[in-house]
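Residue numbering begins at 1 within each chain, and the chains themselves are lettered A, B, C, D, E and F in the order written.
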Amino acid sequence: MIIILTEGTNLGTKSRDDGRAFDELRPLTIEAGVLERADGSAYLEFGGNKVLVAVYGPKESFIRRFQRPDRAYIRCRYNMAPFSVDDRKRPGPDRRSVEISKITAEALQPAILLEKYPRSVIEIFIEVLEAEGGTRCAGITAASVALADAGIPMRDMVVACASGKVNDEVVLDLSEVEDKDGQADVPVAIMPRSGKITLLQSDGSLTPEEFEKAVDLAVEGCQSISKVQKEALKNRYGE
Amino acid sequence: MNIVPEITRKSITDLINNQERADGRSLNDYREISLETDVISKAEGSARVKIGNTQIVVGTKSQLGDPFPDTPKVGVIITNSELLPMAAPEFESGPPDEHSVELSRVVDRCIRESRMVDLEKLCIIEGKKVRMVFIDLHILDYDGNLFDAAVLGAVAALLTTKIPKITLEGSEIVIDAENKESLPIRDKALMCTFAKIGDNMILDPSIDEEEILSARLSIGMTESGKICAMQKGGATPLTKEEIMSAVKLTEEKTKVLMEYLP
Amino acid sequence: MIIILTEGTNLGTKSRDDGRAFDELRPLTIEAGVLERADGSAYLEFGGNKVLVAVYGPKESFIRRFQRPDRAYIRCRYNMAPFSVDDRKRPGPDRRSVEISKITAEALQPAILLEKYPRSVIEIFIEVLEAEGGTRCAGITAASVALADAGIPMRDMVVACASGKVNDEVVLDLSEVEDKDGQADVPVAIMPRSGKITLLQSDGSLTPEEFEKAVDLAVEGCQSISKVQKEALKNRYGE
Amino acid sequence: MNIVPEITRKSITDLINNQERADGRSLNDYREISLETDVISKAEGSARVKIGNTQIVVGTKSQLGDPFPDTPKVGVIITNSELLPMAAPEFESGPPDEHSVELSRVVDRCIRESRMVDLEKLCIIEGKKVRMVFIDLHILDYDGNLFDAAVLGAVAALLTTKIPKITLEGSEIVIDAENKESLPIRDKALMCTFAKIGDNMILDPSIDEEEILSARLSIGMTESGKICAMQKGGATPLTKEEIMSAVKLTEEKTKVLMEYLP
Amino acid sequence: MIIILTEGTNLGTKSRDDGRAFDELRPLTIEAGVLERADGSAYLEFGGNKVLVAVYGPKESFIRRFQRPDRAYIRCRYNMAPFSVDDRKRPGPDRRSVEISKITAEALQPAILLEKYPRSVIEIFIEVLEAEGGTRCAGITAASVALADAGIPMRDMVVACASGKVNDEVVLDLSEVEDKDGQADVPVAIMPRSGKITLLQSDGSLTPEEFEKAVDLAVEGCQSISKVQKEALKNRYGE
Amino acid sequence: MNIVPEITRKSITDLINNQERADGRSLNDYREISLETDVISKAEGSARVKIGNTQIVVGTKSQLGDPFPDTPKVGVIITNSELLPMAAPEFESGPPDEHSVELSRVVDRCIRESRMVDLEKLCIIEGKKVRMVFIDLHILDYDGNLFDAAVLGAVAALLTTKIPKITLEGSEIVIDAENKESLPIRDKALMCTFAKIGDNMILDPSIDEEEILSARLSIGMTESGKICAMQKGGATPLTKEEIMSAVKLTEEKTKVLMEYLP
């Protein structure tokens, strides 16, 4: 288990709700290999977020409709525990979790060598045990570590982080309060080697200039988080 | 899902790599667009939109409801879409699948985050009663690029929606169905969708192009040029440059789309 | 697109809500071939009703349970758009639409040469975009045109029309108001060449004599509507 | 669905073409009918009906509920049927399928449109509270002709239903479970079902006959001879003459069925 | 149809709600072979309980997931009619009926020679037409008769009965009122020849001594009920 | 369901017939147990429990609700469990299956029948408003013996639950989220589960042992030694002697488990 805090530059920036600099991440820890039954797993705490991911596969797919003759497909389920949010959430998928499951699968897919496993399925189960803003990014970041822990061959990791606009300022990694009261939220996932973007959403109101700044900031955030992913795998498997 | 023959994939890709498209369009052209409003008398607002052969009927209806506990002062807009089995051989009956859910959530965000409708004016009694506006997207014919057609139709339906006047007399809510009023509209927003095929980003993908795209990017933008929604799809990454040039093109193309609005 | 009005005889009959004669149909238009993806389609307006029908098939059936070794089966879905009625309808099937889907399939089946396509399915999707009384009959009439547009071999067309009892009088083609305030409603479908009845329901209170009169009137109405169906196909395909 | 061997189909059809039936009945006979009422103490009304080996238990229960917005002055009857997997090897567990839905809707129409129960007397407070009467059809053994058995059982259960007296004291609704009263019954209605096999229409098809019928016609008729419900089924058309002679026979046969009622 | 009442010893025991002795069963009748379509069936009345059971099979199983290469499996459905209880029950399974279906299958399984029918299924449908306390035991007792009526080869019958604690006393066969106001309820099923226990639950508060007494009492009750089962089969099939 | 190879079945059974187990435990030992509480800040009470590699997170939340009509004076505890597809390759997404339903109902009975929580103190206004306490069992890793782990985690979560103080001011219900109080706890209860394999009953079956067990017996017992819940599972019968000796062992082992509670 490792803990790092990305130091913010804090050069006279307006103070945020929780005192962070505009480009400062919340405290982050990732641990790989935390479950017995799953083929790979990872546990992540990011600010108040607690996210657990299990990976099964690659294994034979029995669902014809999804099977592909030339590669594996990804089955991804993002789920929130009933006790993870302020008001108890009813168990089972809702529209939000269906959408997040879909875009999470698409964010991870470019990094996985699916073509190595025709007619197979790789299952990714993301459980949000506690939510405090940014769970979809936390889920992607943890899933990438769990995939590596499962020994699934990958081109690169995938790492995700949101930026946004709060009090007319573009800032990194919105907390729950900032997400709710803020003006925009821009979740981004990248493959850190190429810097290419595998997930991108924008929700709120941004000029194109603000949007570009937000993407740049999120990509920087991703690069920092990427180090914690590597550290987690090193801690589990050694150098 | 359709499996596209390798030869089709190659021919479409080769054309696009040569800056051409199968139907003769340039990479940044929309297909023919048509938009009628007030097509369903029983709806409060309605529109029939076509982009190429993609065809959607949108209807709106309002009713009284309870506000969400955390937003007691504002009305509610609910967007629902049905990828009807009529619209394509690959669509199935049943509860909305992930494509349908994504479509309605992206349309919903584009409309909500543009703050197009002044939701505070839809509040009747704070914390107790607000107006709920349902936007129902009925997808009749699916020939690619549902996102842009859905937003265009939904915005047109909202612009032509007439809701009954509601007044408070003491603690009584009086709904005057004889006197109708328009929705409180502010900034309008529309959406442009791009597909990455081969080395290029193309606007308004047709069904054949959608089936072979490697990435999709949908950008919602307000009349005043603000990005209000964005959604990447597809299994291939994009570079920041590709994204920013799509944003730039969206500024230009949403202006063109705006002209179709009533 | 064609528009015809069946002229009512109006020989001193009591006037109806909308001024029609007792045996007068509402204005009717049918257009064939209105959708791109469907194999066949038709759009119908009948009074205030707006109904769209798509047909797919015959195509291979993958559902064992329904497959027949010696013929195709029909899968029919009647659905109302949420905005088609005064109070928004919740999306998805209800008991009414399940029953109408069943009897619509049975009304169309005698006209279709199912035995030509063993192990196949013919799918009929009926969408009511706006409802103003008589949608099940409108759906059957439009579906028959869509089946012909799809090139599916048929013994005959099927055409449907309701009659009923309003203000103690037997009348043709009940409007929404007449259906609601009336004393009886009798939807009928026929194959116009033989005049044989493929759909028959009766809902309300009728003496056997009134019932017989209602059936006769509905059959006459069907014969008139049958001409509009043929016109629609002629407009699309020429003579 | 059962696939009936061609030889069975032929032998049943040949018999009927000769005006005979496998179980010795004439074409216009019912099988043996039995009807008991008050068979379930916890129901407010109940009946066990058998037509041949077809067996249904029907129970009724009333409760207070809200009226439908468009009919504020009348109570509500809700008919529900379950084709229990116990009743036949081809029935499955799960939500009601189209056969079960059709059955409950036809039974419901026959009872509602006959205006058998005076629904206005089930209104407690106009627009606010009415009685809701549930009719639950529990199909235990399926040996053909569920429609007639279901209507017979439902009507018998309604005739023997005892509901608690309800009085209004000021704005309080007082439910007096000690004092029970009958439902306000007016005209009664029953149903006769015919099957077309070969060249003939036969009454009360057995399971074997149902499986080979080409058309089905169910006719609901009141004690006073009014047609209150009709439903054609099956994949073959009928002539008007066939229909009218079934109507004629129904006038006669519902009178016979009425004698079984309590 | 047979009717027997187990005579209670009634040696100065505290009187129960319905006047029974502490070890007295409610009146019980069982009839075998009451349905036409089912392969086997039984109808049971026990106090105010009315329970009907149908058995189908052994027949080929088409559900791969449940199929076993070396034996049949049991599919059991316990269901309550909407009118069987004081307040109308919504149709369809609830959590209670899912649990009872499971433990009923497990209670019956040891008695059935499943190994005789590889790849097959035996279906048991239990319908509670009226409930008055003790329906799960009534269902098991009736199911065992229906299985025998279906001609399914069995090692032994299974017979079930509950005991419990009411007014600080251990008593046999709780009525609905006793079940609701009582301190504990102990449903037990046995195979009467070996006396072995195939179903056991306990719900409420019991010392180990009271629990042992409750089990002994329930087993005695089962042995009495077993005679009624045999009588029912004798009545149907002769000696 | 896993099909266990005959050779595995035999080797586990042989060991147990020799009074040994694959992981070196004696027949009546638990695997290593760990229990942390207050692991989820947004829950009102929470616990993470591990027995061997079986891992469950339990969270509790309270809210106001209506009492059941037949128990107007007492609050409500609702236990829900999800066998997450994450926890084992054989678990599937979807509505709770029979295993999940059995688990939550047995845990619920163990807690309710032990009368651990004084439900009368959770009543706010008789017949109108009571507290509802949700216990959500989130099964993360399934390595056998969910019952004992679930009860241990649920009880620990309840013991550490802090609910907002609620007072009545006239007819107003005042919820004071700043001032929290513990649940009204009385007697505690825990559960021991035994598996019959070969000729022996063993405590705390691992996943491999569960897959070959012939019968399962779970016994819930209070701190004061009362049996509050019992559930037999599995397809083989048990003798009364086997049951009573499991009861005896439970008296001893629940005392040991109690020591893990906060």
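Here, contacts are C-beta pairs under 8 Å (C-beta built on N, C-alpha and C of every residue); 3 or more make two chains touch, one makes a residue touch a chain.
All values derive from a computational prediction rather than experimental measurement.
Think of each touching pair as a link: the shortest run of links from subunit C to subunit F has 3 of them. With centres taken as mean Cα positions, subunit D sits 27 Å from subunit C. Once the centre of each chain is set as its mean CA position, subunit A and subunit C turn out to be 52 Å apart. Measuring from the averaged C-alpha position of subunit D to that of subunit E gives a distance of 32 Å.
Each of the following residues of subunit E touches two or more other chains: 87. Along subunit D, no residue makes contact with two or more other chains. With subunit B taken as the origin and subunit C fixing the direction of travel, the chains line up round the ring as B, C, D, E, F, A. Chain contact summary for the complex, subunit E toward subunit D: residues 35-38, 48, 50, 52-54, 56, 59, 77, 79, 81-88, 91-92, 123, 125, 127, 129-131.
Taken in their complex, subunit B has these residues touching subunit C: 40-43, 46, 53, 55, 57, 59-61, 63, 80, 82, 84-89, 93, 95, 134, 136, 138, 140-143, 207.
Across the complex, subunit D meets subunit C through its residues 69, 96, 98, 101-102, 104-105, 109, 113-115, 217, 222, 225-240, 243-244, 247-248, 251. Here subunit A touches subunit B in the complex through residues 87, 95-96, 98-99, 101-103, 106, 109-110, 184, 186, 190-191, 194-208, 211-212, 215-216, 219, going by the rule given at the top.
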